[in-house]
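Each chain carries a letter (A, B, C and D) given by its place in the written order, and its residues are counted from 1.
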Amino acid sequence: MVLTRLLEERLGDLHKAGKTRGPIHRCDGQEAVGVGAAAVLTDADFITTTHRGHAVYIGKGLEPRRIVAEIFGRQTGYCGGRGGHMLLGDVEHGMLGGNAIVGASIPAAAGMALSIQLRREDRISVAVFGDGAAQTGICHETMNIAALWKLPVVFLLEHNEYGLTVHHSVQSSVPDLHLRAAGYGMPGEQIDGNDVIAVHQAVSRAAQRARRGDGPSLIEARTYRLEGFSTSDMGGYQTPEELAAWRRRDPIPQSREILAETLGATRVADVEAAAAREIEAAFETALADPMPAFVPHAPSVPYTARGEGA
Amino acid sequence: MVLTRLLEERLGDLHKAGKTRGPIHRCDGQEAVGVGAAAVLTDADFITTTHRGHAVYIGKGLEPRRIVAEIFGRQTGYCGGRGGHMLLGDVEHGMLGGNAIVGASIPAAAGMALSIQLRREDRISVAVFGDGAAQTGICHETMNIAALWKLPVVFLLEHNEYGLTVHHSVQSSVPDLHLRAAGYGMPGEQIDGNDVIAVHQAVSRAAQRARRGDGPSLIEARTYRLEGFSTSDMGGYQTPEELAAWRRRDPIPQSREILAETLGATRVADVEAAAAREIEAAFETALADPMPAFVPHAPSVPYTARGEGA
Amino acid sequence: MAMMRYAEALNRALREEMARDQTVFVFGEDIASYGGVFKVTQGLAEAFGDRVRDTPISEQTLTAMAVTAAMTGTRPVLEIMYADFLPLSLDALVNQASIYNYIWNGQVTMPFVLRTQGGGGVGTGAQHAKSLDSMVAHIPGLRVLAPVTPADARALLKAAIRDPHPVVFLEHKLLYNTRGEVPDDDTLGEIGRARIARAGRDVSIFATSRMVLEAEKAAAELDAAGISAEVVDLRSLRPLDLDAITASVGRTHHAVVVNEDWRFCGYAAELSATIMEHAFDDLDAPVERVATLDMPIPYAETLEREVIPDAARIAAAARRALA
Amino acid sequence: MAMMRYAEALNRALREEMARDQTVFVFGEDIASYGGVFKVTQGLAEAFGDRVRDTPISEQTLTAMAVTAAMTGTRPVLEIMYADFLPLSLDALVNQASIYNYIWNGQVTMPFVLRTQGGGGVGTGAQHAKSLDSMVAHIPGLRVLAPVTPADARALLKAAIRDPHPVVFLEHKLLYNTRGEVPDDDTLGEIGRARIARAGRDVSIFATSRMVLEAEKAAAELDAAGISAEVVDLRSLRPLDLDAITASVGRTHHAVVVNEDWRFCGYAAELSATIMEHAFDDLDAPVERVATLDMPIPYAETLEREVIPDAARIAAAARRALA
């Protein structure tokens, strides 16, 4: 989580300095969801996420250096600069994609679960998606199919109160989205998404259920985007009171306290310092990495290879 | 209902005689839903329906003669033979369409309800759709939007146990679809769709709610297709026991009995005889009507009118 | 060699590939217990159990699931009942399937096949008679195939299933009952190769799917009038066999293109542009484009037949090209 | 006349039409309280209340609702945030909007406008940088407009709102901040009329949307080399102003077409085919087609700029046409 937060902060600074290309969707305040969930999984398990996937990238074990390189469009990025921050994928870690089509991470994870089921493998997949995404048609279709076929998938709804600039109450006919699980005959529960332990426990239960072959579950993790929709957003739609209340519930200080109790404050400080060094180094190396060279994409060429076309 | 049934039977016969073009989706056994619902509405109210809309066409007051003419692609049909049996529309009676894209009748009715709401009119719209359609993404999106905006629309789910050849249990993660209404914070109820009075009452309640500005409702009317999916379907997937059980619950004899109690058996027989004469005459005239002559569609021409193209 | 229906040839390809490769699975609406509304998947559920699945009516999600199932070790074959429903699959095709092999820098391939059928001629009306070829042929990273003979149906479906990239496989409702010889050996079709359906000297007619049959009728008619037409069955809409096209035009100096999708921005437009770009100097006249009239497809027989191309319109176009 | 940004010109058109006609309403994601992510709808919610609505993320349904709202007495203007999401709207466009005026025998019209913006150049990646012009221009019964100047943005959006048929209105993310003179009178744009952006003698460059600006740059560059290029801003992709095209080719005998959608089966293919069909004898060389390379749009700047057409590629095409 600390890694993610430091990554986000550094990205925010670089954006302000005009050094990023296009907006960055920071997940400050939501780290507990992605990190807590990914911690339940092994590299063999799949996870899909949204345009706001940094916590999942980090949680699933990806290296900050190559994440940063991708965000800055470098040859050394996870996708050689072709995908970018929203569409990053890393097969080795089962991180099968950030996805910037809202809702698309949901059927994506279910398709992987179908593949797991058909091949009778001991893996699961997890779909992370937002409260805005929960209103899309593919969310409904996917939940119905997944529940019907008992696919080994966990639906992790990252409810951060907003879809872009619009409050949840302007987008959803009901305030509590986990209730919709009943319409598919699957378990649904609401949890504190800022409590990394609660996230870990809920996802563990759902993961076990999925592994047992009992099918999907819906977890609605309530959380909040402390830094708005993206670095391009002009703000103004989140009230100061709301922001302040959620800042008090920031998952990082919360976990810091809990960890300090068990590990001692020094251990925690050491871990944080190491994270800071790692992020520092990641940016330093990545920003010095080369830009990719252009190569056309052979399978996209619309004429037969022997042809003279394209 | 009797009109519809006779229409269906006659169409079935003509299909067997090879006189129709393409399959016909008969609604034998389901007449109570379309007819009972449409009876709640005036010409000013809108209704949308599916590929299986004959009962709605008749219920909304359309003339059998022009329905038959449309089905047989005649110039005198409601759409001059351009639409056909699945896509028939008649603005005068607010019958805004059969629709053969499964699920499409749902947002269609909601769009009309939005137009009613924006213009502050005293009308409502009703979406008739199947149990198969309830699994589509647009069903979810529409219900969320309609409930959120309190649109004056009634969702009438015609649950006939099958979507094409596939039983509901193979398509839906839950047996009772009205339960999904809770996920949108709107009322949902299940009724006997073969009981025309129950349909009328439930739709009346929902219509009043919609007219009051309290928003949509979901009615799940349980019924059954006695003649299978369409005239092209080869059957075999409905068990004889199931068919026999539902035949005993055929809405037509059921209503006949009830009506006979209040109106007397002679009155009922007279009405049925009149219906038979009307259908007879409808087929006779319609089948003698001229075929339409081809005219291109000006708004579809892709070059500016003064141009020489197309 | 065995004589069989187009639908049977497809069925055989599916059976053979499913038997050969455990990762191939088939899903779609009404395809398992009923065997598909066009009976292409008949008997597969009995033979392969769980690997043949009836689905809810959820085209958009099914297509999206095919993409990621393909990316994680299986080879899905998805049936979309009518080409008219392709728009529902399009987000998954253009925003998902199309991109990953490239944007993830080659980390994944996506071996899936989306089978569907389009076309008019039987009074199914504006929502069930379209051919939306250009919408899918437009998408980078995809292959689009449209075999017209039973032999090609089998051979190309097998090739499609084995291909590492997403394939949209376009069938036609009026082809399922056509019959032809199908070889017994394990022939794979070659993606991106056209076929000369009938050799000729005066004009080249490039056609796709069922329009190849209409083109052959037109060629017979023209022959009677002393015009020798070459009919080229393109088979592979993307990638397109440019060499076969330029070679044919190099021989005949006149070209007609025929496709059942709408004319404007349709697949025939691409063919016409490609030919004129690559064979401008060989052409003695502009390429004649024959396609479905730009309008919704009407229901009544008297109207529908004016809208969809047929042998007469093709023959007339060939005459215009030669005029 | 007033100097204003393209986004402001659109905003003005919306305000004027909403004030004039109570049945016009505007809806879409983040368009009310936030004023739209590109700020086109800023201030409308304050001025028109309920007639300006933020929506859930449900493009498919919103488009379908626009169709029937339009058919029952209102004039919806729907904003779809990115053209990349057009596939989600496509079923409603091709299977609903496109058909009713015809198949219901003229009983209904559908006066709605779907505004969206496409195009690359700012690193938004494979899912947020496309131009899917040909997919919508392919659809019968629709109009497709793509103004490049602020004046046309206002005039054509007003015309689109008043038109009885569905209009897809294509904007470009790099145009919103461009500035230009906009007349004060109530001018309506004429749908289906191209505009000569720059007169020339040697070669005609037909371009759409932002590519008109690149074509103008190319023309300036060619001018310096002694080549006089005419730049035609097509503005209306469907219906297309065929007379303006043939007249220009009649003068220059050489043509380049430029469009930011992918090349294969893209809008440029239609332009190329149309020109060669209608001006074959006037052409001294095949039409040169310039479009986005057939591949997913990459994220990194060094890659993206190779893929999307620019002035240099247009100028090179013009030189090839004249070679």
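Criterion: a contact is a pair of C-beta atoms (placed from the backbone, for glycine too) under 8 Å apart; a residue touches a chain by one contact, two chains touch by 3 or more.
Predicted, not measured: the structure shown is a model, and the values here were computed from it.
The set of chains touching chain A and also touching chain D is given as B, C.
Most remote chain with respect to chain A, judged by CA-atom centres, is B. Centre to centre, using the average C-alpha position, chain A and chain C are separated by 39 Å. Averaging C-alpha coordinates per chain places the centre of chain A 44 Å away from that of chain B. Chain centres here are Cα averages; for chain B and chain C they lie 34 Å apart. Counting partners per residue, chain D has 55-56, 58, 60-61, 84-85, 91, 95, 98-99, 102-103, 125-127, 137, 140-141, 238, 264-265, 274, 294-296, 298-299 as the residues that reach two or more other chains. In chain B, the residues touching two or more other chains are 79, 82-84, 87, 99, 101, 135-138, 141, 144-145, 148, 170-172, 297, 300-302. In terms of inter-chain touching, the protein chains here all touch one another pairwise. Against chain B, the residues of chain A that register as touching in their complex are 135-141, 143-145, 147-148, 170-174, 179-180, 182-186. The residues of chain A lying in touch with chain C in their complex are 46, 48, 78-80, 82-84, 87, 89-91, 96-97, 99, 101, 104, 107-112, 114-116, 118-119, 137-138, 141-142, 144-145, 148-149, 297, 299-309. Those residues of chain C that touch chain B in the shared complex are 29-30, 33-34, 37, 54-58, 60-61, 84-85, 122-128, 263-265, 293-296, 298-303, 306-307.
Residue ranges of chain D in contact with chain B, taken from their complex: 23, 25, 50-51, 53, 55-56, 58, 60-62, 64-74, 91-92, 95-96, 98-105, 107-108, 137, 140-141, 165, 192-193, 236, 238-243, 274, 278. Chain B makes touch with chain C in their complex at residues 21-22, 73-74, 79, 81-84, 86-87, 99-103, 132-133, 135-137, 163-166, 170-172, 237, 291-294, 296-297, 300-302, 310.
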